[in-house]
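The structures considered in this document are given below.
Note that subunit A is present in both complexes that follow, paired respectively with subunit B and with subunit C.
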Partner chain A sequence: MKNFALLNARTLDEAVSSLGTDWNEAAVMSGGTDLIGSMKRYIQTPEKVVNLKTVSGLEEIRSENENIVIGAETKIAHVASDSKVSEHLTALSMAAGNVASPQIRNMGTISGNICQRPRCWYYRDTEVPCMKKGGIRCYAVAGVNTYHAIYGGGPCHIVHPSDTAVALSAFDTTLTIVDKYGTKDVPFSEFFVLPEEDASRENILKPFQVISKITVKAPGDNVKSTFIKVQEREAWDFAVASVALSMKMEGTACREASVILGAAAPIPWRSEAAENELTGKNITETVAVAAGRAAVADSTPMTDNKYKVELFTNIVKRAVTELV
Partner chain B sequence: MNEYRRFPRRIKTVVESEGDHHIIEIELPEHEAEVLPQQEKLNVIGHEIPRREAVEKVTGSAKYTGDYRPQGLIYGKLVRSSKASALIREVDLSEAEKMPGVKAVLSLSRDRVNYVGDVLGAVAAETEEQAEDAVRAVRVVYEEERFVVNMDRAMRENAPKVLGQENLGRPVEFTRGDIQSGFNQADEILEGEFKTQIEIHNPIEPSTSMAIWGADEILIYDATQTIDITQEWVIRILKSIFPDEDISDNNLRLRMDYLGGGFGCKIGPCGLETIAARLSKTTNSPVLIALSREENSLDQGNRPDSYQKLKIGAKRTGELTAIELEGYSSVGAASRGSDNLSPAAREMYKCPNVQLKYQGVFLNAGRSRACRGPGHPQAFFAFESLLDDLAEKIDMDPLDFRIKNYAEKSDGDTGRPYSSKGLMECYEKGAEAIGWSNRNQTAGDYAGDKKRGIGMSSLVWTGGAGVPGSVVEVDLFKDGKVNIRSGVQEIGTGTMTIMAQVAAEDLGIDIDDVNVQIGDSNYPPGCPSYGSLATASITPSVRNAIIETLRKLYPVVARRYRVSEDKLESANGVIRVKENPSRGMHYRDAIKNVSESKITGSGRRGPNPRDYVGYTFGAHFCEVEIDIITGRTKVLKYVAAHDSGRIINPLTCRNQVHGAIIQGIGYSLTEQRIMDNRTGRMTNPNFLDYRILPITEAPEIDVIFSSTIDPVLNSLGVKGIGEPPRIGVAGCVANAIYNASGIRVTHLPITPEKMINGLKTRKEGSS
Partner chain C sequence: MPGSRSDDKNGYDGVSRRSFLKGMGTGVVSTTVIPAVASAKDKIDRISQSSEGITSANITLNINGNDHRVNVESRTTLVSVLRNKLELTGTKIGCNNGECGACTVLLDGKPVYSCMMLAMDAAGRQITTIEGIADGGELNDVQKSFIENDAMQCGFCIPGQVISATALVSEGGNPGEKEIRKAMSGNLCRCGAYPHIFKAVANAAGKGGR
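Let's turn to the complex of A and B:
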């Protein structure tokens, strides 16, 4: 690991004023479960680490008007066990409860989970000069791409690693981003960026910005949600495929639907085609199957990940069936 | 010279090590312990006694090799190749040498590297971090060459030649009977192609060595499965580097208190010993080298993969008539033979006509090594899978099919008799425990998204009889307490505990009065901790050593009862008159009559009987559940029925079976080394991407031991257990998956990807 300076920030102001304009100047640390490993492998080599865990007031889950507000430094375990979250944002509660292992859920935070770097094994190998690290090539294309993207890939083909980001995308979610110039609210759907826009990053955060809170509009009682994650082993694993589904129901009819695919694309991937199959329909087995098929209709799998197409078809169908 | 290495009375005998057989010369023991009674309940042997180091281990106070921090310790790190194949033009250590804290740099003067992770040199620094920084400052100039890192490509005609010769190693061939006439006699013949993956041993403790090159002694703490063999090699290598130094087993000492697992990757020197010793000599400081998980994955061995073409013929009535196997395993960048892929085809079942050929394939990757039951899990996965398909084809219950072909003698019923074989009892009890009759009569005929099924596998470990040669020393003290001492290892199986049990039994004392001293090359030579042979090797030595030591008190007892010494015998610590056993003294009383403060004696283990083959057997059964939506398999229940002779400690023995089943399920479902063809690098040298099974997926495991006590192998009737429970798992799980889903997966590991593809093909086939 490269030597670095550690700043235990006490306030958000102190934190953001310590950040720089270059990623190598300073890195923001929440739980540290990703950053420290990445630094040990020299994937990230910041001069300074700004610790947000020491900032008070960022670890909370509260109701505010119609919203549920989750502080940026709230532990994933806390999100998973909170009763407001499990009641109103079931998919998020399930996703948080499925992250990695108990130890990592106890250390890791919600903002850290959303901002973690991809698990692509070419990106994680210091010796491989891939596009995400500033190289000219995505090694997954001609390499082993079993776990890579079937949507939105190119020129880099990572999948976004976060489970909670997939669930949060199924709700009306807003992120609050802070820098030394002020505070702004960003719709969650505008937070993530595709590699065609910037292959070196996964979201719009600048080196001098941090997330302070996540605001989710509590859906009405007629909205139900669920999250399904396929992983190769039962614990301590990233998704091979996941889906977050929320549906606003009137009897057996679906009025609105959100279908978000995880581990499908470099960002949480909304499938409008699947949503269209559900919206305005009486939810039957046939509709569920159609939604599953629609979810992958225009996917572009790589050499080793065609099975994901079948997998998404299956889990979207299961998610729909389970919700009604 | 260690005095026990002189062999005055020699005999040639055959020994087995990790599935291979060698002829060695050994010294015969003076006196052999009486065979323990078969039926009688014993006082200590056979009892569930917690391992003696349990508290130390779970509280973290047990010292493993990397836990020793002597005064002045510095840290070594290795310089490794980042290329899969290259000529080395230059290794420039000058920048590294100037880095803060650096005490020494070392170049191994290699002119080429053959795989990523190949060692080029080393540095030593005051802290581990400084050593790591210094390694990064080493400049290596490579001239890259073509390479090949996967077996399918290495077998192509125009593939780069890994070792400058053909990539195919010399084949091992075996023929019995006449294969063609065997197939002619068959009513049904099935052929299959099977692939298994490369497994990394991944003991929790990566390879570690710490060397202290002192004026009088070169002391090396080493994580090794073989203290004696490793010591011998380290001496040989150091002598070749330092021909003027006096280095022998008089002054080069190897020590290890506890080993954090090995599974075969710590047999012989790991390579760190001599580098740590050289750095220690240069710096005059103790040097510790502890590998990272990544280094261990690249460079400390692996179970080779396999590609097996298998063909089996049988009569409609169930008799096997012919078995043909062509196999390949990639062995890495080392001139090493293939894993032994023969045991299922050649040994497991009665079959007169067998033809086998298998060979190694060279790759630009870390070399293969013996890995828990070398060859056997691969062979049994393929064979037991195809056997189940054949059972279906001739419409016979898979268990009945196996019983129909039960072999009473070795080599498929054509060779010498087995010393014991309790497999029939394993079949019966195992089938009952799993509820064999409840399995789907038609594969895949289980309603719903979560399909359940039951499968089985037989297994034989072509070893486990133990080897002669290990020596145990015994001290008897005036207060009745004893030391027993031998240079064996505590690999984590409870070796110390069972040695104490055997001593307590034969001395008629409390087990807490037995102090066990192991893990030091200054002790009498023990036995290796591999091949499932330690228990069957060391425990007879303990018994013979006790006999020899008690004999030193015979003069006392002979005087007391006015008989000559040849009229005496000993049992449970009592030295008594053979003709009148009521006239006897416990050694605690006898020893009071001698002037020395303690009595010390030693004994060694004799050879295995010539006319028998000593193998271990088992039958595995399991129930799985497959989620056909996600393609995930979960093993719900596992029944492992084993014939390993007398079980000295059912607690530690079951523990080994549990570990093997969990490891075996990981091999069946999740573990695999993945190599990238373009970069020549391993993509997953870590515990995230190389998936060992988490404890949440450990099924309910029911361990059954057969009542067989081996009547001829040794005086305790014991056989090994370490490897056997790994052998049946993959075949058993694959067969259960087939029974649940109707999908035959012929390529390990059986990931969601393969199940989803299989389910899709099946759905398309039926619609």
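Let's turn to the complex of A and C:
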């Protein structure tokens, strides 16, 4: 990889005041497992890398009023093993436990996981000038699109690679974003952007901004959640399809539901159609099947990824039946 | 093996003429700027924290209980230092991309991929490589069990496998097959010696295997 100037930031102030206004001027490094891979392949060639691991106080999980606060630099392994997370945010605990391999979970952080760049093989191929790298075409359209989007695609057709982002979307989650002008809280649902808005990025972060923490409102005891991830090989892989489901139950009746599809779209994809099939219903096998069908009803698969339609139908149904 | 030692593009900084000359250039700059405030536990001899950052630095890596003083570039990965500067070649480079686990080392007791970690990020941490995993002169339980169970074919992935297994076994408890498979999932074996590897780990963890 190209050499760069490494700045081991000690405080958030130091980190954000070291960042620039251009992506190639300075990259933010958290766990580094995605950034270093991109730099080795010359997909990203920043002049400077600002290291957030050296900022103190960002690696913690704590309860604060009715919220669970996860510091940006908290390791994925820590999220997966934390008892507060597994008790209140089961889907997040399961998603974190299924991120990549043990080694990656020991290195990667929660903020890095939600900000990682897509795995699209055209994006990851240095030689392909796709629109995510400033080109004018999405090569997946006429090319091989086995792992691409069935929702929200166009003009770029990536799927978002993060498992934890899918789970966090099923809860009432807020991100805290810091830059040199101050701090702001952003609802998680407003963090990610579709390619039609900005094909070059996956979220609203600007080159001079970092995430400092993630705040998740702990749902009540009557809320249950789960996460299912389908991989091509069992050992470890990115998802070809995943779903995070949370349901607020009253006996066998579902009062509220969140159905989020992963590896379906360029962002974690909320299926309101599936949620509507669940909300207000007594949860039975029939309702679960209907939710599965609704989750893919208006999907627009590409030439090579129609298999995902059936996969999502089945894992949504399975998630619902497993929860009750 | 994949990844040639002189492949400057992949960030191996130890050998090629091009990176050597580059390193000399930045080295001169950094040695004149680094203040002499290095304590033993200093993560990095920093230049004053300007917003510019550092392109190379002298760092202290604690590997297998011994401190090693090395000059590295910012881009230098931990595995590159282990193999090319310190001749600790037991740690292997397979994919060099955080996927295969051949480069696994323990960082403060936890398995990590040393190919996806900057050497500077490992400064001040406890690094354990396969060379330091034995208990004094004697092989540890995992190593013995790998031999007893013939848990290898070509052997290239085995240093990484042994590191991951040692991390699991040292956690204690009584891992079942599911836990063993999960703990070992970040280490690939192209020969497919998995059944013997899992058996070796189970035996080392005090279980009878399958």
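One rule holds in what follows: the second predicted complex is superposed on the first by the 324 of 324 C-alpha atoms of A that agree within 3 Å, B and C clash if a C-alpha of one lies under 4 Å from a C-alpha of the other, contacts with A are read in each partner's own complex, and residues count from 1 in each chain.
Here, a residue touches a chain if its C-beta (ideal position, glycine included) is under 8 Å from a C-beta of that chain, and two chains touch if they have at least 3 such contacts.
Bear in mind the structure is a predicted one, so any value in this text is a computation, not a measurement.
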{"item": "First (subunit B), second (subunit C), both or neither touched by A:K53", "value": "second"}
{"item": "Partner chain in contact with A:Y307 - subunit B first, subunit C second, else both or neither", "value": "first"}
{"item": "Partner chain(s) touched by A:I315 [first = subunit B, second = subunit C, both, neither]", "value": "first"}
{"item": "Which of subunit B and subunit C A:S17 touches, first, second, both or neither", "value": "second"}
{"item": "Contacts of A:Y122 with subunit B and subunit C, given as first, second, both or neither", "value": "first"}
{"item": "First (subunit B), second (subunit C), both or neither touched by A:M1", "value": "both"}
{"item": "First, second, both or neither for A:Y139, with subunit B first and subunit C second", "value": "first"}
{"item": "Partner chain(s) touched by A:W236 [first = subunit B, second = subunit C, both, neither]", "value": "both"}
{"item": "Touching both subunit C and subunit B, counted on subunit A across the two superposed complexes", "value": "1, 42, 101, 235-236"}
{"item": "Subunit A - residues contacting subunit B, complex", "value": "1, 42, 101, 119, 121-122, 125, 127-128, 139, 142-144, 146, 228, 230-238, 240, 306-307, 310-311, 314-315, 317-318"}
{"item": "Residue ranges of subunit B in contact with subunit A within the complex", "value": "82, 129, 132, 136, 449, 628-632, 634, 669-670, 674, 676-679, 681, 683-684, 688-689, 691, 693-694, 696-697, 751-753, 756-757, 759-760"}
{"item": "Residues of subunit C touching subunit A in the complex", "value": "9-11, 22, 26, 43-44, 46, 49, 51-56, 73-75, 77, 96-98, 101, 104, 107, 110-113, 116-118, 120-121, 164, 167, 181-183, 185-186, 188"}
{"item": "Partner subunit C, residues of subunit A touching it in the complex", "value": "1-8, 10, 14, 17-18, 32-33, 36-37, 39-40, 42, 48-51, 53-54, 77, 100-104, 106-107, 235-236"}
